[in-house]
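My questions will all concern the structure given below.
Order as written gives the chain letters A, B, C, D and E; numbering starts at 1 within each chain.
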């Protein structure tokens, strides 16, 4: 369970998160939508402790992420995250990309790590690209590799930050399919996305962020069917 | 009138244009659609002589583009072209961008060139951005500036190469509006585009390119309504 | 046209000078690189304010002529501190610091060139700062920094021609000595220039090649 | 530990002479930069040209300039060319040596900068009817100069530092030469060269500051 | 003190200028030889130590001394009052007369012909300082100091310089060697003889006293004349005393 309690966060004078309260239950797929700069990415990076927060608390399975005593490197093994772009380690092959963390962080043996990596890469449909360098992959393939890389740490939670928005329209589909697969496997996921169709289809709940505030949260049918706030109505109209 | 007669063109071993025949009449709006790498951009750059051709002829108002004796710099004044991206000269203000060619190529006086530039920029809705540098413009504004810049040479023909495909979805509309405006002014235009809605609406005829061959050409209602070749059917299904 | 008084002996003499050039260069490049990496990582890690004094000192090394640095260091270490070092030692110290000043810049730039999201991705997977540094930043930064570093090393080799002011007889000085005796300036200068060129050019080409190859992927 | 008595007054009394030297140093460096940039543009064009001879000349120039010591180049410009009966004054030799060096390094920078400019820029220019040369002159070159502005500033600093090598060809009016002359008179090595170092440092800072201001004026995009 | 240090270390390091024939130069094996080199060797022998020759250029001999890279300078250093503020001088160990040497292509009858010409000398030497003063006094012509004596003669031979002033010994040796074609001696320069002394750190009085006595002994024992004959040639070596004054 991920519990976010009244989290505030500023960059200099700019308050990016203005008191966010949100709980994500195990097995749930939560989608976050919202305009550019509304703080979606920032929230994700706070959840795995990449960014400090100014006040409030974030608990992952009861562990406070920003507590002094928390071993972040350990916590992060539980939380996979995939970003919009620049996900690949360009100097490593696809297989090495995926094997790196299991070996270095978990201390897995080479054959074990390799077996795990191959399994995950096959899972996302990259079983034939093992010894290729990321620069040879399409954007969509790179994103799928990043997903496999995160999965190789057997995380309990997965965070996705607009994983399709830097992609050619042609390549969006394959990545979304991978996410659908994960969701149907029962993974707990938070997905920031601009793909409304995907959000509608996959999510248990959808949250709408607006200027650092979580303005609305509801199951997709309700949120898309009967948006309450004018901001959300405007947003949906613009992206339709 | 632009007449393209059995044009062939290879890059090394790759034959990109495999004998294209096409005539564009004055006042006509022709749209070219087709998959990536099908040779659309190459055809446009051949029309204004930026690329040499291997065989065949291209005649613009009866002048053979690739004849030795043709003064290409002069011919190009007749043919405006706008590319997918990197159109703006970043070191010049918007006004200077548009004034450059009239001054240097046509030898217009500064006041004349400026008057012309202002007129064209107002035409595309950038009358208030004259002394701004392109980096301050949105992608859509940059493309409109590029259109104004081409128009400032009073071309008889305009070629557009996917002018919206590098743009944010939000900005596509404003550029297409500018193209519509031009079309309704009676400009002869060839537009390469992926915007099917636009193609349907504005074109007199639509040509479908597939692997270096012009596979089909017809008025939009016919081409979109009753696609003949299986390739076109596939293409339309994928882009729907 | 090449009847010359140049003897085998003289060529050995030149070779000794060349050996000195290479020796001084190797010392300076090696020690300077180690120092430069330390300085560069320090500057990147502590931020511009705390690193300001170091930044200033390194900047001084890049802002006054090497010739003056050598003369001053020689005068200061010997006259003022009376350390009684040999000219060779002084030359190595100065060239080392001089190299480290440039190397620190290269290192900092190379680390900065690793895209932040890549490092975030690494940290998100649970890699520690040190693991991130060694497994991600180092290999990527080396690709960015190596071509400039090769350029720097060659620069140091060429600049080592100036250590003659502290009585170190390196290649160019040896050449001058022979010119004094033999009075064949053009021939001797050609030999000297060719030597520098033959070392520098292939290495520079290698740097260019690496740069091209690595920017591809 | 210090059994050396500093005589700063002696050095400071010579400050006016040294400042005159600094002016000469700046003159030589600025001039060598101005000519060097012009030559580098020409060399860049040569290297792009289809002519084997022109690109060969340019490439040799660039490689020799970059792969031999500046001291060697300056020495060559004086004693080397004199073997052919061509005599340059120390001032001219120094200027030639530094200019040769500047042009080589800058040409290499320009080539790198050119690669960073998308070729659609030149294409966009050509399709507006600009000739090849016009497209280079009005569209590519200004962007090239901007991209290489920082390397150009660095090269300018190098040029300043390189003037100190003029003493090897008999130059005695630049800052280093003046300092050396004064040193021969008084033997106050440490004090004199320390003052010279401070002046050199200030000059490079002024140049870097000036370059920054200039860049802000010139490149407002 | 320094004298003890030298004896204790068993090594005497002398700064010698090696492009200043016949005082200092290199033989075919590029080994240092010449009047100054022998002088240093003699001194080391007297001290019971071995000599180490450190080559310096004229501008660098003082820095080499004060920075402690050499113990003394046997480098034809003129004993000016200005310099004596910084380093310690022994009594003169040699005295030069200076010659005006010109390029063959230049018409010149005597030293005054240098007026308005391009002239040069070795940076940091007595004659360079004198010549630069003359050029300033005349208000025309050009003065160029080069880093070493060889560059000066190279420039003169190449025609980059019209004339130079150098010590008679060096001028004659260079003209005779044939290394520098196209130069000739036309006149003596009208300067006070250039008395040159050994140099040591200013504070090392013990060492300087020793040097003074050593120079005296060299003359007394005839070694001075012997070295003169060996390196300079026929004739009388210059007198090292000035009538009418004590040193």
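Convention: a contact is a pair of C-beta atoms (placed from the backbone, for glycine too) under 8 Å apart; a residue touches a chain by one contact, two chains touch by 3 or more.
As the structure is a computational prediction, the values presented were derived from the model and not from experiment.
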item	value
Farthest chain relative to chain C (centres taken as mean CA coordinates)	B
Copies chain A and chain B - rotation angle from C-alpha fit, nearest 5 degrees	175
Chain located farthest away, centre of chain A as origin (C-alpha)	E
Between chain C and chain D, centroid-to-centroid distance (C-alpha), Å	20
Interchain centroid distance [CA atoms averaged], chain B/chain D, Å	45
Chain centre separation in whole Å, for chain B relative to chain A (CA means)	40
Chain B and chain E: spacing of chain centres that average the CA atoms, whole Å	81
Chain A: positions in contact with at least two other chains	none
Where chain C touches two or more other chains at once, by residue number	71, 75, 79, 82, 185
Multi-chain contact residues (two or more partners), chain D	3-4, 79, 83, 189-190
Of chain E, residues touching chain C in the complex	18-19, 25-26, 28-30, 54-56, 60, 63-64, 66-69, 148-151, 154, 157, 179-180
Residues of chain C touching chain D in the complex	60, 62-69, 71-72, 75-76, 79-82, 154, 158-159, 161-162, 172, 185-186, 189, 192-193, 196-197, 200-201, 204
Chain E partner contacts - residues on chain D that touch it in the complex	3-4, 7, 78-79, 82-83, 85, 87, 89-90, 167-172, 177, 180-181, 183-190
Chain C residues touching chain E - in the complex, by the definition given at the top	7, 9-10, 13, 71, 74-75, 77-79, 82-87, 90, 165-167, 169, 176-183, 185
Chain B - residues contacting chain D, complex	45, 48, 50, 73-74, 76-77, 79-81, 83, 85-87, 89-92, 100-101, 104-106, 133-135, 146, 149-150, 153
